[in-house]
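Notes for the one structure printed next.
Order of writing sets the chain letters: A, B, C and D. Residues in each chain are counted from 1.
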């Protein structure tokens, strides 16, 4: 690990932690969402510097999309999204602080007390290739499971979130064309 | 074959990008002048550049209850992400940083404009601006997935995410020839993430320029420059991905890159005037019902070809 | 030493997220806490891969799984919030207490 | 200051203009649009992007605060101009550019627009998808780019979906002079008006509406094409000069599959509904959605252009429709068109709402006629 990488890790790590803390201290919903985004982008940077460029950049890519969409929902559902009138939306702060403090202490203690094993195996020439080979070979089952989880999520989330089903759109006999929608789509179904 | 990371590439890449962007703006202005019955002159077509002195002398505006910090952040993100995306785009035999995950890098930088434009719409606390910001997200959800699969098609064909590998893997038969659909989807995506022409929906005239509406001075200049920088970056990226990069007979590699980029840019600028704004409420369905399945089928083509021999 | 400090970063992210998930009332903010906790897991997995066994792909697969978990949590979280909000115009966890078993 | 001087002067070479049309200012607007197009000056949509503020048309006391607010929103260097007649436009623009290049040097403090002040939020309400979301009260018009000058529609927005819409009170204006229906008014008063003149005016009116619709639909290239044709018609271009170009325009716009795909189903208005609401003219004859209406304009325009040389027949103001429908001084056609808006706008998205308004294109100058007659009688 060269000097540049160490410095980068320090900077990214401090920024990530700052962003994480800001998430629960800022008032404006937009700023909250984007400080979380900043934090997770730094996490992506840390992962990249650690030798996993593919995963790091993909984390950045995914988190940007995720957080922007999260900001939209937050502003739709929360009162006072711009934080113009400061108000507290927390409960049992002290309990939460104690629990998370204890967890942090336990984790840090563990980190410094556990006798970590030495490095086994050499760094692959291309970590992306290693990941791809393993996902498409011995970890195939993981990949397939994740795929099904994603599919179930897509179907489940859509069913939960929409009110109108196909009978609302196409009529009781499912024969209404084009469908009755508040706004027509582009291919005229 | 490709020399990566010479020090002088670092200032040259943004300068080239800016040059292409100015060229595109001039081309668009020339076409507009012809359409409006004005005479087309070499000086006249450069008049959009007067936006630079205008931005420098303009008085700053302060809007009530605006989120200045996020607004600035969003406005700056768009052109900066465009410049960063060029790090991985080879021009001739040179590239600033030949990342092993170049394609993903380009994609991630392009997605940063989502955040940038949404913030640019949210910041000024004005209804039409915010609608513009939301419109870009709706547009993004439509164009992004087909675009990703178009990028994946090229990467699959070359079995590499390194952009120079993709350019080198085309051995005379361009990917644009046997993956024409992916090429078309990529060009559509370029127009969409530079929110120009038919994809100017987030900055539409019907919502008083949307995300651009409340910006003035340097902010406005940055955001507008960002659009054209993205158009140029997308066109430059199409060359190594689908048109064989700098390969070609006779001329040196940089000349071929130049010629191809200018041609792609010319095509895009021509298309800008040919279509009305594709509103996301209509385009999303087309993108998900037609373009996305077709893009997945397109990925299958290089995948099967790779499996073959 | 870098190894331990990076793990402390992961623990810090995890604990900050835990604090948020426990103390916030808004469902969306709770989700943000969970995202942050998962972010900590991502860092830890990448650190373990890089410092302990870069030869094996387990660490990378764990990062993939954690990132996916974030996406799934987001999607389901917003779907549930939308459904609750539609039914009762509530986006606070406390107000949805009758969901308790 | 040398550099600043140079920059200010350079920036003033091609200023961008915020064109604000007062009610009754249609001829001045047409002259200004033509002038800006020929000079290649940009037409700004918002005060933030404008250097010159050009108020076109007669003074309207009730609306005086509107341009003032826009003016306060503009950042310096800026120049405010006023053109009351079409002839005044070109010299006024020249003067504006000259003043922009030499007045008001920096450094400036920040401008504090007072027009904004957080838009009023009402309590939440049920939205289109059954979610209870915040509602935003907003006024569309009277000064909005590519919007009928003076028309005000007050809307309640949720996101960008219009939940409620109602027409704002029309403004009391000075001497009413609906430019587009002037031949019909003159003919009704007993003056002999050749049918060629009326056909020319009507074709130009449809092209003006088409230009506005194209601009709202995000197709500036075709908007420019339609407006060029309009200006040529109003300058008296012969039929054989404009007809082929109009046919090409009709082919590009009328047969555009993409424009059709993007606008079908928006603002449906059956012929029966239209007649019930008192609408005559192209909107009623089209009897359909936005594409039906713009195609009706195009075919009407082509028909009118074939009659441009008919100088013998006189205009019968009852048999021949004015651009927006059968002319009736008591109940001008635009009043009925505007009356349709609230019903058609509710439940649409902002973009669709703009398309609906542009595809009906009521002329707010016309209802002013009625009020004046009523006031006089």
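Keep in mind that, in the parts below, contacts are C-beta pairs under 8 Å (C-beta built on N, C-alpha and C of every residue); 3 or more make two chains touch, one makes a residue touch a chain.
This is a predicted model, so every value here is computed, not measured.
Compared on C-beta pairs in contact, B-D and A-B come out with B-D as the pair having more.
Relative to the whole-protein C-alpha centroid, the nearest chain centroid is that of B. Here the spacing of subunit B and subunit D, counted between their Cα centres, is 33 Å. The distance from the centre of subunit A to the centre of subunit B, each centre being the mean of the chain's C-alpha atoms, comes to 26 Å.
Chain geometry summary: the mean Cα position of subunit C and that of subunit D are 52 Å apart. Subunit A and subunit C have Cα centroids lying 7 Å from one another. Of all residues in subunit C, those touching 2 or more other chains are 82, 85-86, listed in ascending order. Shown for subunit A are the residues in touch with two or more other chains, namely 58, 69, 163, 183-184, 186. In subunit B, the residues touching two or more other chains are 65, 125, 134, 281-282.
By the touch rule above, subunit B contacts subunit D in their complex via residues 31-33, 35-38, 44, 47, 50, 53-54, 56-65, 125-127, 131, 134-135, 198, 200-201, 204-209, 212-217, 220, 273-279, 281-282. Looking at the complex, you find that subunit B touches subunit A at residues 65, 67, 69-70, 73, 99-101, 104-105, 107-108, 111-112, 114-115, 118-119, 122, 125, 134, 137, 140, 144, 161, 281-286, 289-290.
Across the complex, subunit D meets subunit B through its residues 4, 6-8, 10-11, 13-14, 37-38, 40, 45-46, 48-49, 51, 73, 75-77, 106, 108-113, 116-119, 136, 138, 144-146, 157, 159-160, 214-222, 224-225, 228, 256, 258-259, 261-262, 349-352, 354-355. Residue ranges on subunit A touching subunit C, taken from their complex, read 1, 6, 9, 13, 16-17, 20-21, 23-24, 32-33, 36, 39-40, 43, 46-47, 50-52, 55, 58-59, 62-63, 66, 69-70, 73-74, 77-78, 89-93, 95-97, 99-101, 103-104, 107-108, 111-112, 116-117, 119-124, 127, 130-131, 133-135, 139, 142, 146, 149-150, 153-154, 156-161, 163. Residues 2-9, 11-20, 22-26, 28-29, 31-33, 35-36, 39, 42-43, 46-47, 49-57, 60-61, 63-65, 67-68, 70-72, 74-76, 78-83, 85-86, 91-92, 94 of subunit C touch subunit A in their complex.
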